[in-house]
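The chains carry the letters A, B, C and D, assigned in the order they are written, with residues numbered from 1 in each.
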């Protein structure tokens, strides 16, 4: 191997503790000029903490950071920006009601005296757009841009500040496979021009595709360093989780029965009054899992809210078990046997200041045996909680512990326990495994399949294509509020689904040749 | 950042409730102590002797049977007001309108009290109390509906409704319901019938008994019923409540109605128990005190009773303090404000005493602002 | 780091409070009540001697408000203090904070054996009557308390405010060049205010039948009507801007706001008239425009009644106090002699009943 | 287009026909009234400006705080404390300018106190504001001494030539200094918020503090400074009450004006000019209250019933109007996204 280019960023023995957890322990890394270093690890492994330290949002308890060989103390983001570090966060750090240009110059404003002058900024943004093929309109409002475009704005934001070390935190989580390819092309352009990139992900395929170096973190420690040439998906997965993992979910043949959930031409409006679900029709049968794939923000959230009564159905009909529940109250829909695992568990699924026991009766508290008339039966609530904690393997000190004290995976298990124990005819699970550890993911996947095998109809909405493909019996792809087609899961391919997620028409999608992962797709952008 | 090992798992031992109770009392007690100390400094700076002032204050509030009677009299509407505010807090609502609701309750209780003559007390009293409470509930329901259906924040609407209530009740007392007897020239209603006046039961005013019963009822409602669970769920996390099938709108209106009912009942009790008629200027100052009490009691309905008694002592003794020591009675407003500051900003006292933050349900009011 | 910053801020706040307190101590402390019992002067009798018949003790209970309100509480208190100076009485007061405390505040005096208790304001009428019946040996002076039935030991000190208002109206009409005058009033909920207003309007029309009188009551409740000087000032300005050149401000602080605002416009040749006391003394800010005040002479009324109580010829029932115009002070020369003569004539007519104010309560 | 757009920028490309129509209609109405009764019309409009001044200053205070993400319902109390201390400074120094400066400083201190509670101590911001309101009533009530006499108040300064224009002259160009300051501040704050780097940062902090943090903006510092500026604006409103409008202090003299300010801020969708429109509306409603009583005997017969209404009913008007405005506008206006939330790095 020839001599490596200079080390632009080095971390030595970084340790960072939070109350009750050690987020990073003796972590060291080296980033060379023009290189893509992938940081791999599952949720909670300490990747983001490490990056936030390098970016100056946190400060390490011990250890040191060197930039271009020089030890530095990065106490704030402005410090790291000054030293040429740019970061694209997992959740974009853009102000939706600002324009692209305003977002880019924020904190590095140009102007005459105290007054803003956006013209200078526009000029530079155009230059950067052209140089790195990052096409955006400086005067568009960020809230009108697609996720992919917003990501480009983030990258320009870093480049505008002359960053040559870029940290990308889970950049592909919200992209279609094709958009991911476009992002990879951008990364390659950047590194070709001398920039260095830290690429954080938990997706094995992507890491293997883009990285020059791979570093794996587990529970705050570096557990391995390797290169794509030496590693395989399986070896990386084992390193990441610490044991061998099943990459596929085992499940038997589905035995679909009668339709349980029927949607007819459902349209839904979002908070701003715009139509975000455009005439969706579908059926979910008893004993099958229908997966809805799609990039976030294509109407899945609103569709689920409309089915569960949380958002008005603008037109069309929703039936559960043949009963018309269009625009019925959430309570009535729940009582027809519809269980719902909401997308945002902290915000919508749990009351964090309540005990585990109270959270386990959050939507059944009013009925016997938990209440007689309006009087609560504390004994019954507690017994119920102890039963479910046992059955669903919720790791909690007691049923009376506040749910806020639980880990992400256990919080999700509380919701799963509450919803599945009702043994309803329909389960709607939205992003059921987002951001939780692999052990809990496996457990929850098995529970969902068990639910199907029990004869419930399952509607699974997930942004993780792998999850959709692993669990579903049929897959519907949602794009721009429409479902173009529903495919049998057995025959669906990643590429095919990726194209559908990007808005390609189903007819030619199946035949579209995909060349070395860099498909040239005529992607129709949202909202422009 | 400072607290490293705060996540020790709560054990389920038998003394836990007692310890929790004691822990919960530290901040309020310390707040009162600090406020009295600061008050003493202010008194001393204005050239009076704080000891003379405070001993007169407590003599006036506790020194004799009569003083205690007046303390109870002062504490009674405060309990109702404190309960009203606490109950709304549980649902994440800030009812600053207890004052207006109390006025409506007071004037309508007076109306029932003076307009019906010859009704036996067993009918007249409950009727007048009920009508007063319902009018308080109606007044609060306006703010509840506005919040539920238009999103107008209850802090502003209830304050505005307080102003409207003052004007409305003044007009009632000066117009249609004015006392037209020859001796009277000012705005006030006729005296309520003797049958409608609240008696003492075993030496304790009926109003006080009702207040204590109300506190127990509110405690039961909040902690032992499904309605209470719904109210608290909406207060803790409105979004999760919605997902759990609880109608946030319905609960918002219900919480305001219940809160206004309590405040209106307080007004009715005051009219029938103490004042004997409705007269502008006789039922003022409750709104802000009720907030202090609710926060001092950490929105716990039972704790509202001692908190009200404490403030009641200060109010009952204020005149004697001014009489004996020349310290203006407004000092008790200052002391109350300082108490409020320390209980609200409890992190100061926690920091001083090295206490850790309380776990469990929190009062969050700012989430519904303007949206 | 954060802690020390917050501590500093806390200290600053504390310093601010302390600074205010210090000022209070140095400044004019509200007529510090005699610190009874603290250091009794051996020569003089103290409050403890009140039960003795030879010691005259006079107590005063204010209406809700402060002792130094530049209004009726203060005027009555000055009468009591005159009794202290001239009759050697021992005096003290209680400020009422809550209207429900009237009884208890009166009791503070009765239980100490006070001989005369002054209660200020109509609202105390019931409490006064009740206390009078329970303490037949104590004399009660009820300021502004009309006595419908006579109680032997209660004298209601009442005033014909309409007559004072009538005189003010004559003066205003006489001084107006624009033939438009105004009144900015407290609330219609309190009868004396209405009496002042009706008298004022009728007095003005008595002198100039075609004069335009624009008047406005405070639209708020009783809780704000007398304590809203901003409103008073705004309405005075509104009236001046549309040509009114004499403003009658009648309504506690609200009226005072109107007076001060008129004074600020004195260069436009506008005048103002105060109410209750001679506001030349109580609201010096209004001097540039204050030609007179429509007075109720509470101070001498209270003093006279205390004196009568001491002499043993305390009158019961209603005792009508003096009303009239305050001196013109600096405007003595600016008021035409014929107008002064007219005012004197009207005053005489009001006294002998040949002129009616037209006000019916 | 959706209504929410207007929050980010007050004047997007589209022309606000409705606003133009409403204000144009009002202008015509004023002209008609002026022809019929020039003096009274001018008087009412002058009174409108005068009564709107504390409201707009309070609303500007609210805008500065809330644009940076801090709810401030303590404006009422801030106004009261500053009115009181401004008055005291005037009594002690006899200098109105110094007294105003003093009120501004006190406003800054109270603003810092609010920031301390709601940012550093993480008190619920609504409760923090309530604490200020109650403290203000208690402290000013206790320390207020009746005997104090003012040393005058600001008097109007006519601007030559401009003041002679009919209607506009007396209404806009013959005012005392704080009124001028408030008119200028509307423009200044508009420019500050929407045309300067500071404004961009302020709005970013109010909308998405994490985004601001990641580009090196000290979120809490920006909030502190804005809340302090807000406190100073509330202080100016208080100074207006004692040093320009009344000349003396009285307990509770703010009388709910701070709360009306908040309603007006929401009515104006958190923009200075929108809030100004709202405060003019309230000023006008207040001026008309008295004008109706003044003209009691001259109203045309079909309006005579208005003159016969008890003052208590007319007095409810501004409060009922505030409620109606809130109910009508709040749902349609979007507050800054991060309002009321303490910013903590995850």
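Everything that follows uses one rule, which is that a residue touches a chain if its C-beta (ideal position, glycine included) is under 8 Å from a C-beta of that chain, and two chains touch if they have at least 3 such contacts.
Remember, it's a predicted structure, so these values are computed and weren't measured experimentally.
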Specify the chain most distant from subunit D by Cα centroid.
A
Chain pair with more C-beta contacts, B-D versus A-B:
B-D
Please report how many Å separate the Cα centroid of subunit A from that of subunit B, as a whole number.
47
Return the distance between the CA-based centres of subunit C and subunit D, expressed in whole Å.
34
Subunit B and subunit C: spacing of chain centres that average the CA atoms, whole Å
34
Multi-partner residues in subunit C (2 or more other chains touched) are 17, 21, 24, 29-30, 66, 187-188, 219-221, 224
At which residue positions does subunit B touch at least two other chains?
42, 163, 167, 170, 174, 328, 330, 348
What residues on subunit A touch subunit B, complex-wise?
17, 19-20, 308, 310, 329-331, 334, 340, 342, 347-354, 358, 362-363, 365-366, 371, 374-376, 397-398, 400-402, 405
Touch list for subunit A against partner subunit D, complex
52, 55, 57-58, 76-79, 81, 87, 89, 91-98, 102-103, 105-109, 111, 114-116, 141, 157, 272-274
Of all residues in subunit D, those that touch subunit B in their complex:
66, 71, 73, 117, 121-128, 130-131, 133-135, 137-139, 141-142, 256, 259, 262-263, 266, 310, 312-313, 315-316, 319-320, 322-323, 326-328, 330-331, 333-335, 339-341
For subunit B, which residues count as touching subunit C in their complex?
38, 41-42, 45-49, 52, 66, 70, 73-74, 163, 166-167, 169-170, 173-174, 181-183, 185-187, 270, 274-275, 279-282, 284-285, 315-316, 318-320, 322-326, 328-330, 348, 351
What residues on subunit C touch subunit B, complex-wise?
3, 10, 17-18, 21-22, 24-25, 29-30, 32-38, 64, 66, 92, 94-101, 104-105, 107-108, 122-123, 125, 146-149, 187-191, 219-224, 361
